[in-house]
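Next come two complexes built around chain A: one with chain B, the other with chain C.
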Partner chain A sequence: MDANKSIERLHQIQQQTNACITIFEKPVQHKKEGKLSNWSVAIKDNFVMKDVLTTAGSTILSNYIGVYDATVLTKLADEGVSYVAKTALDELGMGGSGLTCFTGPTKNPLDLKRQAGGSSSGSAAVMAANAVDLALGSDTGDSVRKPASYCGVVGVKPTYGRISRYGVIPYASSLDHVGYFTHNVMDSVKALEVMAGFDLKDPTTLIQQLPAISNVITGDLKGKKIAIFKNVIDHIDKVETKQLFEQVIDACKQQGALVSEVVMDEKLLKTMLPTYYILANCEATANHANLVGINFGLAQDGEDIYDIMKKSRTHGFNEMIRRRFVIGSFGLKDENQEELYVKAQKIRRLLVDQLSKALADVDVLIAPASSDVAPLLESDDADRLSNKHLISENHMVLGNFSGFPSMTIPMGNINSLPIGLNINAKAMDEQTMFDVALGLEKVINYKKVKGEV
Partner chain B sequence: MKRDVVIGIEVHCELKTNTKMFSGAPVGFAQEPNTCVNEIDLGHPGTLPALNKEAVKLSIMACFITGCRIDYLMRFDRKNYYYSDLPKGFQITQQFYPLGKDGSISIIVDDQEITIGIERIHMEEDTAKQFHMEDKTLIDYNRAGTPLIEIVSKPDMRSAKQAKAYVETLRNMLLYANVSDVKMEEGSLRCDVNISLKEKGSDTFGTKVEIKNLNSIANIEKAIDAEIIRQNELLDNNEPIIQQTRRYDEATKTTIAMRDKEAALDYRYFPEPNIFPTMITDALYQEAIASIPLMPDKKRQMLIEDYQLKEVDADILINNKALLDYFDDVIVHTSSATLLCNWLISEVLSLEAVHDYNKHIPAEDFGRFINLLKDNKINSKQAKVVFTHMLEKKKPDDIIKELNMVVIEDDNLLHLWILQAIDNHPQSVVDYKNGKDRAVGFLVGQVMKLSKGQANPAKTNQLVKEELNKR
Partner chain C sequence: MKTFNKEDILVLANELQFTLNDNEIKNIEKEFEVLLVQLQLMNEIDTSDTKKMVYPFDAPIAYLRTDKSDHVLSVEDALKNAPKTKDGYVIVPKVVK
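Here is the complex of A and B:
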């Protein structure tokens, strides 16, 4: 879409949604020609952009101007995109609500009383408001795929290493993925074809090239082996969600797909969230040890170097973040490491083995991305450790533990609010994931909700 | 002495690479502060480490020459602590799986060969340099991220002398292997020494004290001797040794406590998630091994056996690596190793402030010069003149032409001068007959004068003797 119109639209929704941290005065386009020359793109504010404010949603970086460009920004710019804004996120990407950005909560344009989801809240919101063609996000637990579900758009997390993380302010390096939002499956394929590729600056990127997918996939579901993630369905109470999912399954069968069910070790699945918390917080506490206000970022005065660091960090992070750092440090302490960090690593391995086994004989594994539509802004997470919540709301983290590609597409609406369908495939097999997603997109034929702004 | 001394040494050695351990920024000593840095070295948000292949190669070489067993699967860990010299808030190191393990080197102390064990060699990155001023601290990040290896010895040394020999030997090996500059004064080689005392013959180690920041080999020896005295005195008085870090004070020639050992400090090591475990390829390993030059002991042997140099001369070359390198460069252009060695030691070595001899006199020119001398195209007196001119970047053949230098070898002409010299100094014949051999030298000198320095001294010497014997 026209990038100037895009900026106009972002201004229009900003006051009510608070989706952006920076809306550019004019579009930033480095090349006129390219595969994505008419695309306007929003960037989650944890992607470093040269000479542009890059805050990661945190007070401590609220004055930080990027000194280099993230690799993925360069790749997209080389294909002609126009950048229009940097979007809000949960502080440092650590959160799932979109409520903890230092600029205030992001509201869902489809229902302003509700969350857009997180941590890529602003990117999901500007997509829901039809303000851009592509919005970049990052996905450490389900930070792209969950908000995509709440905002009725496509959210993709490709294979770990498919897109360079160089220049993406981390949360937890071994779980962090560059992810993104588009309005439809074909756009998401085209976007990945541009963003994917080995990067010398990120040696964890894959050497294996992404095959050309866009001109190969047809969306034909005939003969596709689709497995239902049964544990997730069993933990969902909401009838409408189950009905929507069943409609999808029926349609798949009609199209000739071979549908089966997979049941994973229930006890093991219940460890997903605690395992995630330990690993993510342990890595995060080290990853963010550079944020001390010494050679960049917002510094506070202090008596000596330690005092400056202490005061800058106390002032610079919200309480929830500081608490996560304490948990992470605790998990890495000499006397706790074996019992917490190392054990969590072992459980991660077991969970990945479960997922690999589930995918071994099928093309994809699918489940509702969430048990329900977007939560209200004030909803608390008191039941987070309940049996119901542990599996149905956290299963997408398997994609981060394994690094396997995973995406969410709209599954339908419940009372005029969207809910997503999650699709998982084998490592490096984005092609199959997209092919099935394209087919599902056709049979679902999702009707966009008209938003409030 | 009633107590045994136990010494172990940790050597931090900066690797001779063009770029940093995990970034493409240049490595540079004594550069304008904060110019050899990029966003990675400064720990800016979103940056990631990319391992320097050359640094790995040099580290493999260090492991190889010290006989360490190499762990082919490289793994890195994070060492977490907050300090202003550590921009990321953690140092990337190899805590759990060091690159090399269980090696050893031989040292010679009082003509005795002793084996010192090497516990481990691991790769890591250097920190920034801090300058603490009265009211502020200045930070130079140029050093941040410089590739390092830490070489940890076993507690195998029993005296300051052995410790000194260990560091000297190790330093020379690293220098010869081209792994590092090993300049202690510039900090590219740094030593931390651990010392404890135990009752003679006992298996129980005493409390360990660490001496940090030793900036010369001489100070290593002095610091250890001072520390041994201090610990002995404490033990004699039944006072406890406190586990702590100390430094050596040159003014008082004693060690001074810096801080009590942070027994409780927990670095919360964990595997670096941004660097996957990486296999050293066979190609890289072979390349590393193939590029290791001869170690000092082997090289010395070669100088003596292959080039027939005197032991004392060989030692001078071995301990002057730059001069030895020049010897190696020149020797391919000449066949007279002895003549070359003499000239290097007597003339070239005394050139002040010259580090790159090749730059001053190209090896090819020096080789030609030695050949001219050997073939009597110039005599030794003329050679000194030629040498001086060569320092002005002139080629030896041009100098000889310019100064009309010839060596006169014509028997008749030499004979004429000899007769003239004898006529002028008849007493020398008498002296010679009376067994005073220096009369020969005297007459040769006279002939040199008469020939304006152009006579071939060796040949003149021979002819003078023949003439004197006839009389």
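Here is the complex of A and C:
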């Protein structure tokens, strides 16, 4: 879409949604011609961009100006995109609500009383408001795929290492992925073909090249082996969600797909969330030890460097972040490490083994991306020990543990609010994931919700 | 089973270079209670024969880059975001007074 129109639209929705941290005065375009010329792109504010404010949604970085470009930004720019905005996120990417950015909560343009989801809240919101063609996000637990579900757009987390993370402010390095939002599956394929690739600046990037996908996939579901993630369905109590999912399954069968069910070890699945919590917080507390307000970041005055650090970090991180750092740091203590961090790393392997087994004889594994539509802004914390919370609401973290590609597409609407379908494939096999997603997109034929702004 | 009291929390916060008020400490204690129950679920899983998984893929990167400097940040850029600088250095309060 026209980048100037895009900026105009962003201004139109900003006051009500709070989706952006920076809206550019004019589009930033380095090259006119390219595979993605005419694409207007928003960037989650944890991607470093030269000479542009890059805050990661945190007070401590609220004055940080990027001094280089993240690799993925250069790649997209080389193919002609126009950058129009940096979007809001949960502080440092650590949250799932979009409520904890230092600039205030992001509101869902489809219903302003509701969350857009997080942590890539602003990117999901600007997509829902049809303000851009592509929005970059990052996904450590489900931070692209869950907001995509709440905002009725496509959200992709490719294979771990498929897109360079050079220049992306980290959360938990063993789980962090660059992800992104588009309006349809084919756009998500085209975007990945540009963004994917080995990067000397990020030693975790894959050497294996992404094959050309866009001119290969057909979306033909005939003969495709689709497994249903049964444990997730079993703990969803929302009837409408189950009905929408069943409609998808029926349509798949009509198209000739071979549908089966997978039941994973329930006892093990209940450990997904605590395992994630331990790993992510332990890694985060180490990753963010450099945010001290001495050499960059928002500094507070102090008597000596320790005083400066202490005051800057107390002022610079919200309570939730400091809480998570304390718990992460507890898990890394010598006396606790074996029982907490290492235990979590071992359970991670067992969980990934389950997922590998589930995918061994099928093309994809699918389930609703969330058990319900976007929560209200003031929604109370869920019952964090329920199976619904431990399994159905947070199953997509398996994609981060494993590094396998995983994406969300719109599955339908419940009372005029969207809910997504999650599709998982084997490691490096984005092609099959996109092929099935394209087929599902056709049979679902999603009708976009008209938003409030 | 692990325990976690106010003193532990304060020691950790001090090591992490930030402070917590009483309300924040209470919230951490509450969070830890939930975590303890969740950890119990983890303890029920037998991992005695399981190797830890540190990264998604056990695919070692085997390359050597050429021995020349690459993507170097200039001193000017490196100091651009520092609160106080002088002659190419970051200024902090005097250590020896």
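Annotations for the structure displayed:
Heads up, the rule we're going with is that the second predicted complex is superposed on the first by the 452 of 453 C-alpha atoms of A that agree within 3 Å, B and C clash if a C-alpha of one lies under 4 Å from a C-alpha of the other, contacts with A are read in each partner's own complex, and residues count from 1 in each chain.
Here, contacts are C-beta pairs under 8 Å (C-beta built on N, C-alpha and C of every residue); 3 or more make two chains touch, one makes a residue touch a chain.
Here the structure is a predicted model, which means the values were calculated and not measured.
Contacts of A:T271 after superposition: chain C is touched, whereas chain B is not reached. In the superposed model, A:Y306 makes contact with both chain B and chain C. Of the two partner chains, neither chain B nor chain C is touched by A:K222.
When both complexes are overlaid on chain A, the residue A:P203 reaches chain B and chain C alike. Touch criterion met: A:V352 reaches chain C, while chain B stays clear of it. Of the two partner chains, chain B is the only one touched by A:A56; chain C is not.
Touch criterion met: A:G167 reaches chain B, while chain C stays clear of it. Using the contact criterion defined above for the overlaid structures, shared-chain residue A:V67 touches chain B and also reaches chain C.
When both complexes are overlaid on chain A, the residue A:I294 reaches chain B and chain C alike. When the two complexes are superposed, the chain touching more residues of chain A, out of chain B and chain C, is C.
Comparing which residues of chain A touch chain B with which touch chain C, the overlap comprises 64, 67-68, 174, 200-201, 203-204, 285, 292, 294-296, 305-306, 309, 329.
Chain contact summary for the complex, chain A toward chain C: residues 63-65, 67-68, 160-161, 174, 200-201, 203-204, 206-207, 267-268, 270-271, 273-275, 277, 285, 292-297, 299, 302-310, 313-314, 317, 319, 322-323, 325-327, 329-330, 336, 339-340, 342-350, 352, 384-385, 390, 401-404, 427. Residues 46-48, 54, 56, 61, 64, 67-68, 70, 165-170, 172-174, 200-204, 282-283, 285-286, 288-292, 294-296, 305-306, 309, 329, 332-334, 337, 341 of chain A are the ones that touch chain B when the two sit in their complex. On the side of chain C, the complex with chain A involves touching residues 2, 4, 8-9, 12-13, 15-20, 24, 27-28, 31-32, 34-35, 37-39, 41-45, 47, 50-57, 59, 61, 63, 65, 70-71, 73, 77-78, 80-83, 90, 92-93, 95. Residues of chain B that touch chain A in their complex: 39, 42-51, 78, 80, 82-84, 87-90, 137, 139, 141, 266, 268-270, 273-276.
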